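Structure below; questions to follow.
The chains carry the letters A, B, C and D, assigned in the order they are written, with residues numbered from 1 in each.
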Amino acid sequence: MFVLCMTCNTRMGIVSRYSDLLFKAGGNILEINQYNETDSGLFFMRIAFVLTDESKQETLTSELTELATRLEARWTLHDQTQPQRVLLMVSKFDHCLIDLLYRWRIGELKMQPVAIVSNHPRESLGAVDLYGIPFHHLRVTPTTKPQQEARLLDLIQSTGTQLTVLARYMQVLSDEMSTHLQGQCINIHHSFLPGFKGARPYLQAWKRGVKLIGATAHYVTPDLDEGPIIEQDVERINHADTEETLIRKGRDVERRVLARAVRYHLQGRVILNGARTVVFPD
Amino acid sequence: MFVLCMTCNTRMGIVSRYSDLLFKAGGNILEINQYNETDSGLFFMRIAFVLTDESKQETLTSELTELATRLEARWTLHDQTQPQRVLLMVSKFDHCLIDLLYRWRIGELKMQPVAIVSNHPRESLGAVDLYGIPFHHLRVTPTTKPQQEARLLDLIQSTGTQLTVLARYMQVLSDEMSTHLQGQCINIHHSFLPGFKGARPYLQAWKRGVKLIGATAHYVTPDLDEGPIIEQDVERINHADTEETLIRKGRDVERRVLARAVRYHLQGRVILNGARTVVFPD
Amino acid sequence: MFVLCMTCNTRMGIVSRYSDLLFKAGGNILEINQYNETDSGLFFMRIAFVLTDESKQETLTSELTELATRLEARWTLHDQTQPQRVLLMVSKFDHCLIDLLYRWRIGELKMQPVAIVSNHPRESLGAVDLYGIPFHHLRVTPTTKPQQEARLLDLIQSTGTQLTVLARYMQVLSDEMSTHLQGQCINIHHSFLPGFKGARPYLQAWKRGVKLIGATAHYVTPDLDEGPIIEQDVERINHADTEETLIRKGRDVERRVLARAVRYHLQGRVILNGARTVVFPD
Amino acid sequence: MFVLCMTCNTRMGIVSRYSDLLFKAGGNILEINQYNETDSGLFFMRIAFVLTDESKQETLTSELTELATRLEARWTLHDQTQPQRVLLMVSKFDHCLIDLLYRWRIGELKMQPVAIVSNHPRESLGAVDLYGIPFHHLRVTPTTKPQQEARLLDLIQSTGTQLTVLARYMQVLSDEMSTHLQGQCINIHHSFLPGFKGARPYLQAWKRGVKLIGATAHYVTPDLDEGPIIEQDVERINHADTEETLIRKGRDVERRVLARAVRYHLQGRVILNGARTVVFPD
């Protein structure tokens, strides 16, 4: 199955041109989603299709390129049978990492984990089975951050990483790194953004006395906790919760939200729209 | 805005043919949803579009007819600027009726209520403002049911009713009536079907000790409580709830579920698929 | 049924003393909730009970007063058979007002609405049935605010108002007024606080691209949008929502959250704890 | 911390007697929950407390025994510092097992897993880390069921098992076994009971076209899928889901519901009430 994502300025006949082109190339559309944003005049579309004759892929690609040029469209074409190469980053809390690995192992997340990176040594993850995925301890201090990020970048490039997931990685990436990974790096923030940005959001939530806590999966940008949101969800809490029980309740919503966001990304269901996202859920 | 709904056997190029036809007729697609059911080989599609030149509507209709014939498709075309004519039925509990009327009055539900029918007299609704919508008291007993339904049918026909909503109407429609209104009559059942069919579902739920109660909006069929489900939702309850408090908690979920189902229907977002439905939510 | 709410510094034997006192006075405990806050050392308790011999109420009150003095406790005792006197305030959006009136009319909310106050004339509410509740148009401009609030305060006092509900009343109360009504005035804010404080929260939410919107019912304090939160809830939204559809989706969550908060307050289920609340839900 | 659970016929002064007794024994109440069931005249109470002087535990126990005798109460007293001994049973799907083990490992579930039992060999769980918990393969066929259950019972007794958890164990226990383990054996059923009892509930749900699927954690009884429900929850689905995607979505709700039910049980928050449960959530 192939997934085509595209965005351009709205005009008449876009759906017609693409469906026509795919039909003639022997493409069978399985799912089509589109969205016209009235304010900005932008058009977004995702088409999942199979090719009855795989040998036509090259011709198809060149035709899609031509059409995109004519429409001045930004576009991507992913072959979903090729799992994306994913680099996972973690600090001490491992619930998101373990959940992603579990979903990958049973075939729920179609990805190929190429590396696990932590700012803590392997021992800090305890007996967790990493299924042979290479583990890299990239220590970081305020002064060594540039060097650490250089090593991280090397690793991303040498492994052919297509998506980086910050699975409760508690370090802030530099502006350069964030810019470099734009749209290819997902973070899970343990609050319902924009509430409780910054450190210890559960303590902040406790102090404010909210009745629900949440989690937010978003693309990383240089603007901390302001990146385009992919997915959010909440859990009900009450007055008797403490920072500790909030952390416990939060684990469930964090891992659920991150797993959904990663799945949406891997399936090409997320298209960037400036500081926001267009998400076509399954 | 027009909404086209269609279903036929899956084959290649359906999206292409429709989008092409609409493009050539000057139709601008605002929203397109489709679904291929692998098991049955059925294809379902909803297209919302505007016509840049309204004078072309007749030509368009004849072209759509021709295409549907070629594809052996079942289809409908609704002009969304023409609110559907809706008949509301109620017994003693008025929370769903009042909620629907409120949503209609503030413009949230695009419909034209043509009649309110009850098996109880007008007084049983108390001081409720019916905004001048004609009220009909159609008394019913086991022996007079055929006559009552004949009067109901007259009313449906004379008012040009397109959708009948059983807003906590506590009488079972006859098989003939149910068959006649197939796909055009929505009921709200106060349980999470298929659990707790039949009478007093809240009492049944209390006895079984469930931890959530629900409501189900479905199309009416001769097979009681087995009609195609349009929408469902639940509310959390606990051991301390009684039948009375379940009824209170249930009111909220009932009116919410029914209002959603009616909106989906009015916007052409529901397509029947045998005993099930395809729903393209907004 | 009586509801006793109390709070004091934690010490051993508080439950014992109260349950003992009530037992000896012929009080039958129907529901008891308590909460020890470890950090602050504060203790909170709510006891719902019936008196087998109503003539003992006076003796009971004096004993409770004595015990509270000994424990240096803050406390209230409400006779739940006496509905609280409630003043409702509204501006142009009437969904919360109408919902509260409906719940009152069918007996779900035990209260006595003594007045409806708006900064707009009666006509702005259209044909809404106010069930004979006196309506007061208290016009307000930046310069006449002190006078308007003086009239409001007169009304609160002359009607014996015990609770003021800002049911989408779009004016900010002055610091003096907010302080005066502390713990006796509930507002519904149409966002999931602390996100999107201030004006047009739905537009703010749309701009930020969140995936859920919410509503917050809180006690009014001089610190705008920072009052103790009583209840919150959320609704799922998506990229295709506009400010207009967010407002529609928001209406449902606003009225649900406000109704719950008012019910909790009327049933003595909310105890203030500084900038937060202790809520014992049913 | 100790947790006292008790149930008896309602009468005046129960709370008073228990809180008095605990006060005099130097018990400091941390949490008290009670529930009067009006219909049955039954009273249920859970008290969590600490003893300031641990040496008084014996005296306390004898006083509690005496009081219970006087009230004809059924009661239990658990020392929460002693983790309960838990036996986990599984077949091929391991998501619930792995989730429970994870929550145990990070200290979220206070239990001591004494054995993992499967009707499939160890290999069927793949590389899953069992943290040294003894694994027992108890093969079962229709003819060998009595023998298998005899071995299971031996294991339960020899390990001092206090709670048995069927974490997607796909065999039905015999009536004798179910009766023997009454109130000490929790099962997770992958549907929102009472809907879709029996085999392949997700396929049943798909065929019925429901819009939400669920999971139910309940105590095992001889009456299949009719045991007292401890916890339930749901996930939204849509027409495009297949049995396969329902199974994926179901995994999340199954593990969440089972983990909650096990936690409630371990914390003494569940009291049996005939075919239903009283649950005092945290």
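Convention: a contact is a pair of C-beta atoms (placed from the backbone, for glycine too) under 8 Å apart; a residue touches a chain by one contact, two chains touch by 3 or more.
Bear in mind the structure is a predicted one, so any value in this text is a computation, not a measurement.
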Each chain counted as touching chain C and chain D at once: A, B
Repeat of the C-D interface, chosen from A-B, B-D or A-C (over half of contact pairs identical by residue number): A-B
Centroid-based (C-alpha) most distant chain relative to chain D: B
Chain A-chain C separation of Cα centroids, rounded to whole Å: 41
Between chain C and chain B, distance of the C-alpha-averaged centres to the nearest whole Å: 36
Per-residue overlap in chain A, given as positions that touch at least 2 other chains: 35, 240
Touching residues (chain side chain B, partner chain C) in the complex: 95, 98, 102, 105-106, 108, 126-129, 131, 240, 245, 248, 251-252, 256, 282
Of all residues in chain C, those that touch chain A in their complex: 35, 38-39, 192-196, 207-212, 214, 228-234, 238-240, 242, 273, 275-279, 281
Touching residues (chain side chain C, partner chain D) in the complex: 12-13, 15-16, 19-20, 22-23, 26, 28-36, 52
